[in-house]
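Look for subunit A in each of the two complexes below; its partner is subunit B in the first and subunit C in the second.
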Partner chain A sequence: MNRASDGWIDWRELITMLIIVNVIVGTDMMPLVLFKLGKNATWTFPLIWGVLIIVPLLALHSLLKLYRNKGLIQIIYDLTGNYLGFILSGGLFLIVFNMLIRMSYNFVQETSDIFLDTTPDLELYLLLVGAAYFIAKYGFETLGRVSSLLFPYLVAVFIVFVALARVDFIYQFLYPLGGPGIEKIIKSSVVHIPLLMEFILVATFFPFVNNYKDYRRGVWGGLAVSIITISLLLMIYIVMFDYNELQVVSHPFNLLIRVTGISRFFMNFDAFFFGFWLMMVILRISFYLYLNTALFAYLLKIKEFEPLLLPFATLTILIGFIPENLIKNIRIFKQNIFWNNVWWLLLALPLLLWAIAYWKGEFKHEKG
Partner chain B sequence: MRRVKLLLILLFLIILLTGCFDKSELEELAYVIVIGIDKGEVNGFEVTYQIGNPQVGSSDRVSAGKEPASEIITLTVPDLVTVRDLANISVSREVTYSHLKVIITGEELARSGEAFKLFDSVLRDEAIKHEVMLIVSKEKASEFIRGNEHELETRPHKHYDFMSRRWEETGLVPDATLLRFIPRTLDDAGLFLSTYATAKKGETIYGYEDQYLAGQVKKEGGNPIQMIGSAVLKEGRMIGTLNGEATKVVMLLRPQTVRRSMLASYADPLVKGQRIAARWMKTEPTRIKMNLSTDIPKIDVVVPIKMMILAIDSGIDYVEDLERQKILKDSIASSLERKSMEVIKKTQQEFKGDPFQWYLIARQQFWTLDEYKNYDWMKKYPRAETNVKYDIELTNFGRQFRPFNKEDIKD
Partner chain C sequence: MRSEKEVNSMKFLKNMFSSRVNSQTAIEQEEKLSKSLDENLNRLKEAFSYPNNEDFKVRELYIENIHRKAVLLSLNGMVDNDAIEQHIIHPLLEGTNIKETEEVDLIKKVITSKNASKVSSLRKIIDDILIGNTIILMENYNQAISIATTKFSHRSVQPSTRETVLKGPKEAFIESGDVNTSLIRKRLRDENLVSEKIVVGERSLSKVSMFYIKDIANPELVDRVRKRIKQIKADTVMEIPMLEQHIEERSYSLIPTVLYSERPDRAVSFLQEGHIILLMDSSSSCLIVPVTFWSLFHTPEDSYERWAYGNFIRLIRLFSFFIALLTPAIYIAVTNYHIEMIPTDLLFAIAATRERVPFPSVVEVFFMESAFELLREAGIRIPSAIGPTIGIVGALILGNAAVEANLISPILVIVVALTGLASFTIPDNSLSFLIRIMKFVILGAASLYGALGIVVSFICFMAYMSDFKSFGVPFLSPMAPYYKSSNDLILRPPIWKQWLRPFYTDPEDDIRKKEPEGER
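The block that comes next holds the complex of A and B.
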């Protein structure tokens, strides 16, 4: 019913897209927040998220299997009716829009802080979001294609990066293994589960994927690779810098690529990694821009949503410019009552939907 | 598919954007290679720059004429960052730290402990890499930089590059970089050793090859600087020095594997007054066992080293006689053990802190950070009972087995 006209994506494109979009959170400001809570055991956070998200994902997948050609928003509307459906979908839309603005502004700041000190933020914003818009404009399929074409290079670069950084590792920095204590690790990691929200929200695009089998493969595979990679990245930060410094450093990834170099000949190697990092950032912004627009369109039941991309891209830049600096940006868009409740909403939503479907007897229907 | 390829090309083109607002021509940049920091006369800091001249030593040398390889200026400023603009009162190019190699702190400033605050700005300024070497100079840093006449490597970055590579091997100075300094100081569990150097001749003493501190070596000609031994920093403040020999021992006792090959001489066990020269290599990590269950930590250290005999002054055949081999091994081991115990005693009594990075091993004994913090390694270490053993393997004897027989030559 809602099949995209220009074809579907298969599991390879889905898996690479999800990995690229998700792994980048390990390289922005997020580690700073996490290291304050998790200290030297922060690398366990992604693994805990991975375990916690299994049940909601299973519930969601069984729903998608049941409804075949419907995305997440249509399922919400079908199961909860127009009023509650509108509230839930509207909530999701706000979460994603919030995320899009905060994230894009973060990346702009990071780029200008570290590499392009005197470039005006507006220019950077226009270029990052502009490039993301151009990818999103060609649709979900293109997003997948670009990801899958870029992916092998990114893997190669990541391997080079780890190999170069390895010389300076001090593995004892990982000890004491318990970090701030298991209870605290679990408590503080659960709250940050929205960092994996792509894996739930990508269900919006279920109709764009070849078939259920490809979708399942893509999401589970992407989840596994993502959490392992983020965990590895956090571990690398720890064995390189120890947790004390990481609680102060705003962009550990950039610190790390500055330390790496090939022997004494290529000491300033960071620009090489910066290029690939920037491409990943653009893909992430592009994914979120597309997701955000799609959620908005499905929410209001607008059929053609691609013309809405440009207004949303512009809106992102306009709102993104309101906060004066990064800390204010985080205070406004992250540390508010709304965002503080996102983590359980994301975990509970699939379970809620599944429970409603079960109660309504939809699953029996399928068997019969 | 064509569309996708086009997009990919566009994506790659974004890298070129770096050339827009923040473009900087290589020619227009002044590359600071060395920064020296001293206490200012009234307030603030005296910052000394040694700016490299990229044209010297390149194929473009002809057009550079008789330009010097570097330029040295000293300014009084409140921090390390604003000085970049102030430097432009006399330097015509934009000052950049992207090729910074060394930060030199004068001993006076290092002892006052104020230098650590300066590193805050170092962290903030992203251009400074964590691999920057840290050196403490006996005199003022500005005097040291001016006194350093590296004539064979005219370009300063090469001079420090080569020197640091040799240090990794010789162990006469610690490998002190920002990358290690910041975590160790923040963790507040161990002492940090920074390279100790001077460009002034001090009172010369006579010792064996490594028992010197910078300035004490009798040396004629060449570059006047001497870098040997280490400055001991506790909580960011310099509290003392260790000579070359002690620094070597510290390096040996540290847990990480270091592939060093050091030359050293030892007393001949059979003939008094004679020395035996040897090269050692440490290819395996030091084995450290700890018992922290009681209030007094017990530490057992085993250092595996491989040794190669290079010279036997006394002419006694230690090579072909297995019994003598054992005597030699035992005597070297016991002399190393004695030296190690002396260094440990010094750190326990004088510095009250551990420069051996044993706190890393101590960390492994705990399950949570709180337990580790409460144990307070810095307080416990001075009372620790240590036991050091050297596990020596005589692997090589060079190109000659038996020494020359002196009796034969006499006849």
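The block that comes next holds the complex of A and C.
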């Protein structure tokens, strides 16, 4: 009935959601993999991703502007037809599903390793994925609203965190700036560009955003803030621990919050930061759960996809139990041929779509 | 099609099982007065169970000038006897204006009362008597005159007891519709302030007055609320708190969708933002719809105090909101799961005092929190003469003695007292209940999973709140979802900068005044 309850989200909600969902990348187990490649120049990775993703994002945005009320999957179907469209969107769905399972498994492991080591994994799974499901059940706009409500507090906590950690920084660890060599940095960072895949895949939800302007603002703003924040986080790890240590520390963020304290009275403040970190984790799982279900539904052209959230949440927990331990999980991650090819798919897909649209003359059509 | 016989038998059954009293079924909606005075009188006497019902007053008059008998009917206790005497009986008996030969219009020429109308339906006459009108029946007329003579007894305007302020007006609504209306109109002299009367209840004729400002309130919202009130299927709606429960859209939800206030100044400020106010004759409070979290969180004092002071008390309340909600949970989480967070010296001190306590700390917290809720409830129910005792008993026995008896550890007294104190700063009763109940939920989660439990329950609560709507208005708007407003949320800008009406009510006229220019 009024402007307030129409179920769309605006750029504030989009930007905060994307930042929260994406920044977590710097705090889970990914740095372990990254530091082995980037050494002390790992902090440049996010910046390189940011530069590389600009062109695909521009292509994607021009398509979204052209197709107004359609999401990514509908555009894929429209441009590439039923067969190729099914394969491409199916690929995206598998990537996201893979990510969702791997991610929720990692978070459960992390929580259990560091804080609740006597709690059974199943209970942690039920709590994390359950809470994520609870939020996702209320829909995309609630996800955005919760993010925008939490965001100011998260920023404040992050600032406090950096201010507290600052006393132990040794800035010399950053040198030499080149790290293992510029060529190697670029080569090894490109492979991990899927860590920014939210910014491309969020196009699936384009119809849920107020208008194109809000969408553009949210995605670019979110991209800028989150690559800078991740880069800052990686830099903090380096100046705190040095890169040698980081190649063996599996949870640098949790180690960092453990060694951070307020003067000599509150030596361990980790549970406080851990709480805020958990909120972000839940929002990330929630976002991926929603994205995953939406992709599945659009792939099979199912109209009402919210009832599918519960089956997918259950499936996430069930599949999450398959890998046995942490080391195995990392190995799977590293050796996964599928995963190793995701990066060029993500970069190429928008360009491919744009090229097809250009070739079909869709852009001219709009002008005329 | 059913045969007529069948329909009749159905009707009969319906009547047999209907709980309605005969008076309502006996007199059909359409029944008119007849020309015979006695017949009319008997019908009405029967309807009001006269002479068993002693409040039904029948006063017979003989108007000499026209040689006719007249009868005055009213209900004792609902009418102003002085007014009847002065404005009705006196003119009728003395009536120099009544001329023998003329068909006089009594309403126009004789009766000096301010409100009078002609009625001809029996049902309408009964309804009018029930709202306190006086009815005049005349011989040989098939119409009656209904004169407004309503007067109920009520107390005088008194200071507000639930929502007290240090600075600002003190008066509160009382149990009288007229007085309440005058309290509102006194503050808001606006020709666009509309008050609609809506009848609720199928049995007793309670009236709800719906106030709104025509060129500010969104017509769709007004329609929605009106429809919602008309939809009420209840025998009677006695009081405003009952009405609250009838019109709210989600009865089982913990979150209130209606604001209950007894301050006319508050009602007026909400009217000016495009909200709707509901009043009833018998209640000393009003309902404000729709509401957001902010209307429950704010107090009138925030705006009466100067900018810095007002914001200061807002911050304190925000702080106490989180304390009231989270302190027991955080205590449990920290002492049971994240012990390393406590400074070592304090940890030893706590451990030393807990040494002799036989229970796990969760049990202690639940014990003390329940005891506090007990005290709180007792404090409300206790007759005011022995009120002070409760404080002494509570503080002495439950605090000190429980510690002495090794039932609880001393630090817990601090935790519970702090939580209790903080919950008293929550201005709205419904919000306070919400927080007190959620406190136990989060406490339970924290005792099972520590910080994880707190986070999970808190974020789910947050998601629920942001999805919640009160009459179509998101509960946490205009913060999430964001809408343009005067930013009067957690903090507020100076009064002169609040030039926008909140957009969540979608007001017809968005702007309060011109945008102020520059700094002052």
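Just so we're on the same page, the second predicted complex is superposed on the first by the 357 of 368 C-alpha atoms of A that agree within 3 Å, B and C clash if a C-alpha of one lies under 4 Å from a C-alpha of the other, contacts with A are read in each partner's own complex, and residues count from 1 in each chain.
Following the convention adopted for this analysis, a contact is a pair of C-beta atoms (placed from the backbone, for glycine too) under 8 Å apart; a residue touches a chain by one contact, two chains touch by 3 or more.
Model, not experiment: these values are computed from the prediction.
Engineer: Identify whether subunit B and subunit C fit side by side or clash on subunit A in the overlaid structures.
Structural biologist: Overlaying the two structures gives a clash between subunit B and subunit C.
Engineer: Would you check which partner chain A:Tyr175 touches, where first means subunit B only, second means subunit C only, and both and neither mean what they say?
Structural biologist: Only subunit B is touched by A:Tyr175; subunit C is not.
Engineer: Taking the superposition as given, does A:Phe93 touch the first partner, subunit B, the second, subunit C, both, or neither?
Structural biologist: It touches nothing on subunit B or subunit C.
Engineer: May I ask you to decide whether A:Phe161 touches subunit B, subunit C, both, or neither, giving the answer as first, second, both or neither?
Structural biologist: It touches nothing on subunit B or subunit C.
Engineer: Touch check for A:Tyr290: first (subunit B), second (subunit C), both, or neither?
Structural biologist: A:Tyr290 contacts neither subunit B nor subunit C.
Engineer: Who does A:Arg12 touch here: subunit B (first), subunit C (second), both, or neither?
Structural biologist: A:Arg12 sits against subunit C, while subunit B stays out of touch.
Engineer: On the A-aligned overlay, A:Trp49 touches which partner chain: subunit B = first, subunit C = second, or both, or neither?
Structural biologist: neither
Engineer: Check whether A:Val146 is in contact with subunit B, with subunit C, with both or with neither, and answer first, second, both or neither.
Structural biologist: A:Val146: touches subunit B and subunit C.
Engineer: Which of the two partners, first being subunit B and second being subunit C, lies in contact with A:Phe115: first, second, both, or neither?
Structural biologist: In the superposed model, A:Phe115 contacts both subunit B and subunit C.
Engineer: Check whether A:Phe269 is in contact with subunit B, with subunit C, with both or with neither, and answer first, second, both or neither.
Structural biologist: In the superposition, A:Phe269 touches subunit C alone.
Engineer: In the superposed model, only one of 153-161, 207-215, 441-449 or 477-485 in subunit C has C-alpha atoms clashing with subunit B. Which one?
Structural biologist: It is 441-449; the other listed stretches have no clashes.
Engineer: Would you please give the residues of subunit A that touch subunit B in one complex and also touch subunit C in the other complex?
Structural biologist: Common to the two interfaces on subunit A: residues 115-116, 119, 123, 127, 131, 134-135, 138, 142, 145-146, 149-150, 267-268, 271, 274-275, 278-279, 282.
Engineer: Touching residues of subunit C toward subunit A in the complex: what are they?
Structural biologist: Of all residues in subunit C, those touching subunit A are 218, 220-221, 224, 333-334, 337-338, 340-341, 343-344, 449-456, 458-460, 462-464, 466-467, 469, 472-474, 476-483, 503-506.
Engineer: Using the touch definition up top, name the residues of subunit A that touch subunit C in the complex.
Structural biologist: Residues in contact with subunit C: 1-5, 9-10, 12-13, 111, 115-116, 119, 123-124, 127-128, 130-131, 134-135, 138-139, 141-142, 144-146, 148-150, 265-272, 274-275, 278-279, 282-283.
Engineer: Please give the residue numbers of subunit B that touch subunit A in the complex, ascending.
Structural biologist: Listed in rising order, the residues are 1, 3-4, 7-8, 10-12, 14-15, 17-18, 20-22, 98-99, 123, 126, 129-131, 161, 165, 179, 182-183, 186-187, 255-256, 360-361, 363-364, 366-372.
Engineer: Over in the complex, which subunit A residues touch subunit B? Could you list them?
Structural biologist: So the residues of subunit A touching subunit B come out as 39-40, 113-120, 123, 127, 131, 134-135, 138, 142, 145-146, 149-150, 168, 170, 172-173, 175-181, 240-242, 244-245, 248-249, 254-255, 258-259, 261, 264, 267-268, 271, 274-275, 278-279, 282.
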